[in-house]
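Each structure below appears as structure tokens.
The same subunit A turns up in both complexes below, where it pairs with subunit B and then with subunit C.
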Partner chain A sequence: MPDVQALVNEFLNKLKKRKIEGSQATAKQTAELLRSVISQQRVPRTNQAGALIDAVRAIGEQLIVANPIELAVGNIVRRVLHIIREEDLSLTTAAVAELNLSTVSDDDDDGGGGDQDDRPVLSAAAVAAAARNTLRPPSLQMLLEGAPDFVAVPRSSSSGGDSEGKSKSMDRNSRTRKLKHDIIEAVNELIQDITTCHELIAEQAVEHIHQNEVILTLGSSKTVLEFLCAAKEKKRSFRVFVAEGAPRYQGHLLAKELVARGLQTTLITDSAVFAMISRVNMVIVGSHAVMANGGVIAPVGMNMVALAAQKHAVPFVVLAGSHKLCPLYPHNPEVLLNELRSPSELLDFGEFSDCLDFGSGDGSPLLHVVNPTFDYVPPKAVSLFITDTGGHNPSYMYRLIADYYSADDLVVQRRHAAGN
Partner chain B sequence: MDARRGSLPVPRVRQVGFFTPNAQPAPTRSQSGPPDSSSPPLPESPASNSLSPVMIPPPRHHSDNLAAAPRPTSPLPVPEPSPFRRRDAHAGADNNAPLVGSYNPTETLLAMSPPATRSPSGSHAGDGESEAAMSGGWFRRSNSAKLASSLPSGTFDFSSVQSTAEALKPTKVQNRVGVSEHLLNKTILAEASGRPAPKEQQPEAPSSSKQPKPKLSKAERRALQESQRAAKAATKASGGGKSVAASEEVATVKSVKQHQTQKKDAPHVAVSVAASERKGGDKSQEKERRKDAPAPRMQFDDKSRVDKAKRRSVVDQTEARNRVELFRHLPQYEHGTQLADLESKFLQLDPMHPAIYKVGLQYLAGDISGGNARCIAMLQAFQQVIQDYSTPPEKTLQRDLTAKISSYVSFFTQCRPLSMSMGNGIRFLKNRIAKLALSISESESKSSICSDIDRFINEKIVLADRVIVQHASNKVKDGDVLLVYGSSCVVEMILLHSHGLGKQFRVIVVDSRPKLEGKALLRRLVVKGVHCTYTHINAVSYVMHEATKVFLGASSVLSNGTVYSRVGTACVAMVAHAFRVPVIICCEAYKFHERVQLDSICSNELGDPDAIGKVPGRMDVNYLDDVSNSVNLQLLNLMYDATPADYVSMIVTDYGMIPPTSVPVIVREYRRDHLLI
Partner chain C sequence: MSLTHAVKEHKERRKKDNNAVMTMVIKKSKPSPVIHQSRLGTDELFMAIDPDTKQLLCYEERGEHPRGAISLENSLLADNPSISLHNDKQDCYIDICSQEVLSLFTDNFDYQHLRRHFVKGLLVDDIMGYKIFTHEIHSSYAARIDNYRSYDTISKDIIQRWTYPFVPDVRFSANCTTKLEREGMYKAPEIQQSRSAHIGPFTVIGKGTRIGDDSRITHSVIGEGCTIGSNVSIVGSYIWNNVTIEDGCELRHAIVCDGVIIKAAATLEPGVVLSFKVVIGREFVVPAYSKVSLFQQPTAQDSDEELEYADSSSGAIDPSIADAGNKLNGDIVSESSQIQDWSTSQLGPGGAGFIWSACDGGCEEEWRHSVAPIPTDQLAKALLAIEEDSEIVKVSDSALTPSGELEPGSDDDDSDNMDDSNVDTVDFEKEAEATFLRAAQDNIAVDDLILEMNSLRLSYNKSAGDCTGALFYPMMKLALESPHNTAVELQKNVASVVSKWHKLFEVLAKEVDDQIELIMKFEEMCLESTKEFAPIFSQILYLLYEREIIGEEAILRWDDERKDADESDRVFVKQSEKFIQWLREADEEED
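Right after this comes the complex of A and B.
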């Protein structure tokens, strides 16, 4: 699969050079890359899912190393791994169910080929639900009767494994193709989700923005733009304060877009955030990533905004597509999940060369310029997350994340972890 | 309460912080005729201030002072003027050496000012090199009451307090008056002291002073007698001779007529006050206090008033196109248009003095910025005006000059809204003018005002800054990481001074658009060899982890403890608060204001909105070029913000280091003082 390797290398380069901006674009491209990896991957007769998982994980590791700050890459890798696992599980259970149903199901199989496509999807959902059941408390009846129902699932799957060995090679072939096919379908769906997530988020805008509201935002985010415009389209009139988000000045871009869409926009400097927040009804911002504890990695300056909002009891709402949900818990995120950009954004090269004496001194330069990219907003500063599945509390994020990732994939870099 | 408290055997040692010379004679409490709104009463009598709200300066100072005590007392408002002065005397012109680089664009201004301003103070206060012989008696008599108020403020240094206390110990009223006048000559009148009071034995009698007119000396004698009489009455009434000057009316003795009414009043008031424990005084004080409340500011959403103001205005302002709705109450004008217009008017404008015009243009162009620099520039312009001033026929100097200055002030306001520091400076100046005795000649009054201005600049700004630097650099320890925001001249002085002391610390300069004042500060620090980190305000959460202290300047400190300062200060203070880093505000006490403010919206200043849309040096950021005319887009360039008092750990002023809750105390107790100096 040399062509896949070329694709991967190209993408790795882009990641390393930070050519891809924005978590959405990164997520989408990662998903597309993984899709092609899966489709090109040859799968062995047995344990196809395992082979796929290994392949995806190997590439995912490289991708994550290429840009460890862009958490969306890791998120998508984990999502794809999760998809593979779920599809495998659903296929297995479906096979078992077929076997259990004996000849009747065989007849059905012969009857309609179109049915086949639908059923696994349904069953995938069912099995996913069943898998999730393991996290849920047992039903009241189960508690009463003392008969653990969920034990049946592994048992049946193991028996399915047995039966799998006995089944015909034709069936196996179709199953291989079916697994890959299903996975690619699911990845396509994931890509679809990523591209449309801000529409889903924007649909909720009217529930949060009412007439005459004053909204503050910082930097630029497509999701925020769509969110505000969705409210505007619903004939809500409100005004927006945009903090410019130095040193990248993405706020200018957002202001321009908002003005073009006819929203009353006021552009302010970042330093005026505290002054203005007392007249703001709601802060709506985008994010770079949402951590499992409900903390947010966001464009630099966001912590300041969040603190100001907290001081004035202004709701601080974070919009995040599901691809931004990261299953990791942050440790010292201001430093470890941050990236220092070029100082030239703050000071021109050579601007201070005349007053810096490089010849003398103890080697440590007199002047440092710090230009971080991200800020960490602790969960207590966030009032609400709005994702494509609705609004959530910061404390609920871990649960939301559990829906999207399987616990086995949380650590992608196994070798690294072992090495460390 | 004062009588009660005064009669308690308060140990004298306790009276260090706010020394209250409760041995001060009551007679000084002369009720002046028309209460001047610009000369508010001292709300509390000094005797009630036995508790000090401010830190007593470290003992180092008083030892300094003791060493430098060739003169008996130095009840100057600045804690340790003497060491500085000595240094000045030695160092000569370059005395500013460790503290240069301040007052950013106007370094020249300051560089010029200190020699000029210091010359009078360099010589001993009170040795009366009087170019202006004030109408001694009137002036002193009326002011001798204020001495009581000036003393507590002034006597910050231990030694001088004690010596003052000793000097005051003699209980003979007459003697006391003499002493007070003696002190007064030194403190208040400094070089304008004229000739000594007849009864006091002033060691260095002025030689150069003009001979006072006989009429004046008569008046003086009368005043003295009167005060003695009043004092006697008071002593009799209160028994202990401890009755306190209740309503320290700043006697604006303007005419003989006034004086006569006053003469009638004075003993009466003294008795009544003594008898009823300053009930009457309270009342009048209440009244005055009410008058004292800051006048409401011009609201620019008030159509009629704006129109009225426009008709009078010299500066041609055009309203900004896209005004920010929330700030309709503030002037929102096109920037950059007025300058050319005004420049063209430069030669044809007769009512405006060229010095005023120049400073106004500098304000407009932004060449002078920073509260201190603007205040100094304004006061020096006024000095020139006063020097060139001649009273028109059939007008009195006081009224005419005050009116003139008011018109200049409104011109300044049109150029750029006044800062609080300027407001206080203007108030001081007007007060000085109002208090000029009518009887002295024009040239004398002019030179007296000019020297007052010099003294204000010197004591309230230059020396105050040095005291702040002394205090604040004590707080800088080895290994500290100091975070500063923007560019404050006093903070810069602190950093350079601490660096000069050899302290090992690092500075984080946080900057923000659109002015990027931090760059200039950074350059000056780096040139001096201070280790610096530079970043923008958004990254303040990132760098706050490293910081151990935050030093911030202030444009003004309001009496609810709110710090009114360059926009972004509140953000920095908030983040520091969140990270448990102490926030130290450095602000001269003359910038304190009795106004209160809760948010940054009600009163603020709007800068040039176009500065927001354009990012100099960044060609890639030009998103707004094509939409800048859209009605939907407003650019808001806020200049100041209000930092709530809860974020402030400490305010370093020339009176010491105080918590923000003590700001109203300083305003109340010392406001009188800076009207005095």
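Right after this comes the complex of A and C.
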């Protein structure tokens, strides 16, 4: 698959050089890349899902390591893995259901035998087992064999008659094609979700913003912009305080956008947040990622705003698309909570080059400039999460993980020693 | 840095002006005022840049002007409406060139140095009119490593993340993920570090390195697979891969290449460079700023080699070390025989290698280009030197040269250019004197002499007044030199000389100002150099008046000017008082 490898390398390069900005863009491109990988991956006749999972895992590992702070990449990789498992499961249950029907019809013809008694029981148990597979810890059989149960099911059931065997092989072929097809459809849906997350969130704006409110935000987030504009369109009148978000001053851009759309805007510095918080009714901010415990990784300065809101009992609302929800906890050593960027965003190198002269003294720099990009906001500072599925409590976020991710995929690294 | 912007600018400029041949990338970086060196160990640069068009007009390195004074051409200022002068720019040595650059190099085959020869040549060359432009980068980072100090500085800049995203913790090479911990520490996976070891700030430690008890490592870069024993102290050093450092060693500001073994209790003083696979014996102290290699130092150096490789001073990495490195990586068998000879080597018991003596020329300046920070005594010396310099400047300012006037048209900015203009005047006067004397000796006609003087005047860009002064002196001297016993005879001599050469002065000293200049020059002469003329000043003045070299207006104005002067200045005025009075009466009579 030389094509795919070139695409992967190009994307890896962009990630390493930090050329892609924003979790939505990253998530979308990751999903598209994985879709190409899946469609180009040749699958064996048995255990297709396993092969696909391995392929996606291999590439996902490289992608995650290229930019570890961009959690959206890992999220999408895990989402796709979950999709593969889900689609495989649903196809299996459908196949088993067919099997069920055909065995029932055979029963009428033949007389029932030991197998035949077994089969319906097996199929029901298999279905139940497979359904619970996603949330249950791996069974001993899985650990030893290294292959998922539900794939073994059609094999064992194919020990039946020849005619059934033939029909089953035909089913399997069509099942292969169908599996990939379904997976790709589901990934397309995922891409669609990522692209339209802003609209879904913005629809809920009217419920939260009321008349004559003062809203505070920090930095620039497209989600927040759409949210506020949706409320404006529904004829709510409110004012917005924008904190500029040093050192990149993206708050300036947001202020310009808001004014262009006709909203009354006030621009303040980050340091003025505590001074102005008493005049504010609600704080609405975007986020970079949401962790499993409800904690938020947000642009630097957000923790200060959260603390100010907490102190003045102002609701702190975080807007997050579902691609930002990360199944990992912040205490996980793999998770990097922050990234230090170049100090040239803070200072002009030329002006300070005499402080950076390493030639005198003992060669150690007296001036060290640190430029962190993100802040961690603990879950108890957050009042409400608004995602494309609706508004949630921070303590509820972990439940959403079960909908989107499988427990097996939390560690994307392939363990070479053990199986799986 | 991203080249897109610079390349785009270059291309657009080229479309508008076909002579825009090269764009040089520069960055603002202040040099150290004490030791006159940039932070990368290169000489201070002086650039003159047009702020509107960003054209480079002048490029000088401090090494060629030890006094720290630059002289600029007048045409520079005449042709460009605005110039900004910079000494805080650093050359990134990234140039975007058009195709003409290549052809220029083939035409001028003796261009060997990019900046000293090519850039200077292009700037001075008026015939083709090629232009060099500059592109200044602000938030991006670009620099060139060409000596040990820049290696050190740029490594530290990378550790400080000025080159983000090209920093050690972003995984560009496929082997391992380095994590950035607090205070600028970068740690690769699979490091075995003893609990009592202390790894300080701004350190990078590579994969698979083992660090023993109680070791202290700060501000250093350590490669992969190193083994560092206990009680080792490493400060500000660069240790490459697979190095073994045994217990109790001390390394300060050193560079240690692949495969080196440093035995117990050895010490490396600041500025040491250990080449590949050297072995330092037990308890051996490697002297500061020395370079150690397994190979002998090459004795005879070809002059061509020197030209090609000796870029800046001894800080340049010797090419034979690089060759040695290549050889070592390949063939190990031939060396084992060499290693056996190391029983009595220069590097202590069990050591292997040779200490290379510092290269001839510039060995005092090792500390400038070394990895080690500049020792405090050198800094103190440099500070003292600066204070002395400033005193000298003050002294020289008060002793102005006799011709206190500045030459017109010399708009030099540096204050030291006063010296240069005075030097020019002295040259001119000498030339004028020589010309005149030659004319007198060879009996050249006056008209020819006038021509010669005019051309001399134009070439030195002097005014007629300067000429008169310059010529008067040798003329008087000539009179003086012809034999005379008394003042009267002297006067006669003067008369004869004046009669011979008066036409010269009629042409040159037409303006009243020039004539006044003449008188003043004569005064000076009488005061200082040719005192013999003093008593007969007024007579000669009369003579000059008779010969219509000086007009009455000039004399009268001279008198007026001197009215308010000191007594010492008025000596000659007093002498000539009678004459002046007669002149005034004559004036009044005429009126």
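Basically, the second predicted complex is superposed on the first by the 337 of 420 C-alpha atoms of A that agree within 3 Å, B and C clash if a C-alpha of one lies under 4 Å from a C-alpha of the other, contacts with A are read in each partner's own complex, and residues count from 1 in each chain.
Basically, contacts are C-beta pairs under 8 Å (C-beta built on N, C-alpha and C of every residue); 3 or more make two chains touch, one makes a residue touch a chain.
This is a predicted model, so every value here is computed, not measured.
With subunit A as the common reference, the superposed partners subunit B and subunit C fit together side by side. Of the two partner chains, subunit B and subunit C are each touched by A:348.
Judged by the touch definition given at the top, the superposed model places A:368 against both subunit B and subunit C. In the superposed model, A:246 makes contact with subunit B only, not with subunit C. Judged by the touch definition given at the top, the superposed model places A:273 against subunit B, while subunit C stays out of reach.
Counting residues of subunit A touched by each partner, subunit B versus subunit C, the larger count belongs to B. Touch criterion met: A:16 reaches subunit C, while subunit B stays clear of it. In the overlay built on the shared chain, the residue A:211 is in contact with neither subunit B nor subunit C. Looking at the shared chain after the overlay, A:263 reaches subunit B, while subunit C stays out of its contact range. Measuring only between alpha carbons, the smallest separation of subunit B from subunit C in this overlay is 9 Å. On subunit A, the patch touched by subunit B and the patch touched by subunit C overlap at residues 345, 348, 351, 356, 364, 368-369, 371.
Subunit C meets subunit A in the complex at residues 27-30, 32, 35, 37, 39, 41, 88, 138-141, 149, 152-153, 156-157, 160-165, 170-172, 177, 179-180, 184, 201-202, 218-219, 235-236, 253, 372-374, 379. Looking at the complex, you find that subunit A touches subunit C at residues 16-18, 65-66, 68, 336, 340-345, 348-351, 353-354, 356-365, 368-369, 371.
Interface residues of subunit A, counted against subunit B in their complex, comprise 239, 241, 244-247, 249, 252-253, 255-256, 258-260, 262-276, 278-279, 300-301, 303-304, 307-308, 311, 334-335, 338, 345-348, 351-352, 355-356, 364, 366-372, 375-376. Against subunit A, the residues of subunit B that register as touching in their complex are 324-326, 511-514, 519, 522-523, 526-527, 529-543, 545, 567-568, 570-571, 574-575, 578, 599-601, 604, 612-613, 615, 617-618, 621, 623-624, 627, 630, 632-638, 640-642.
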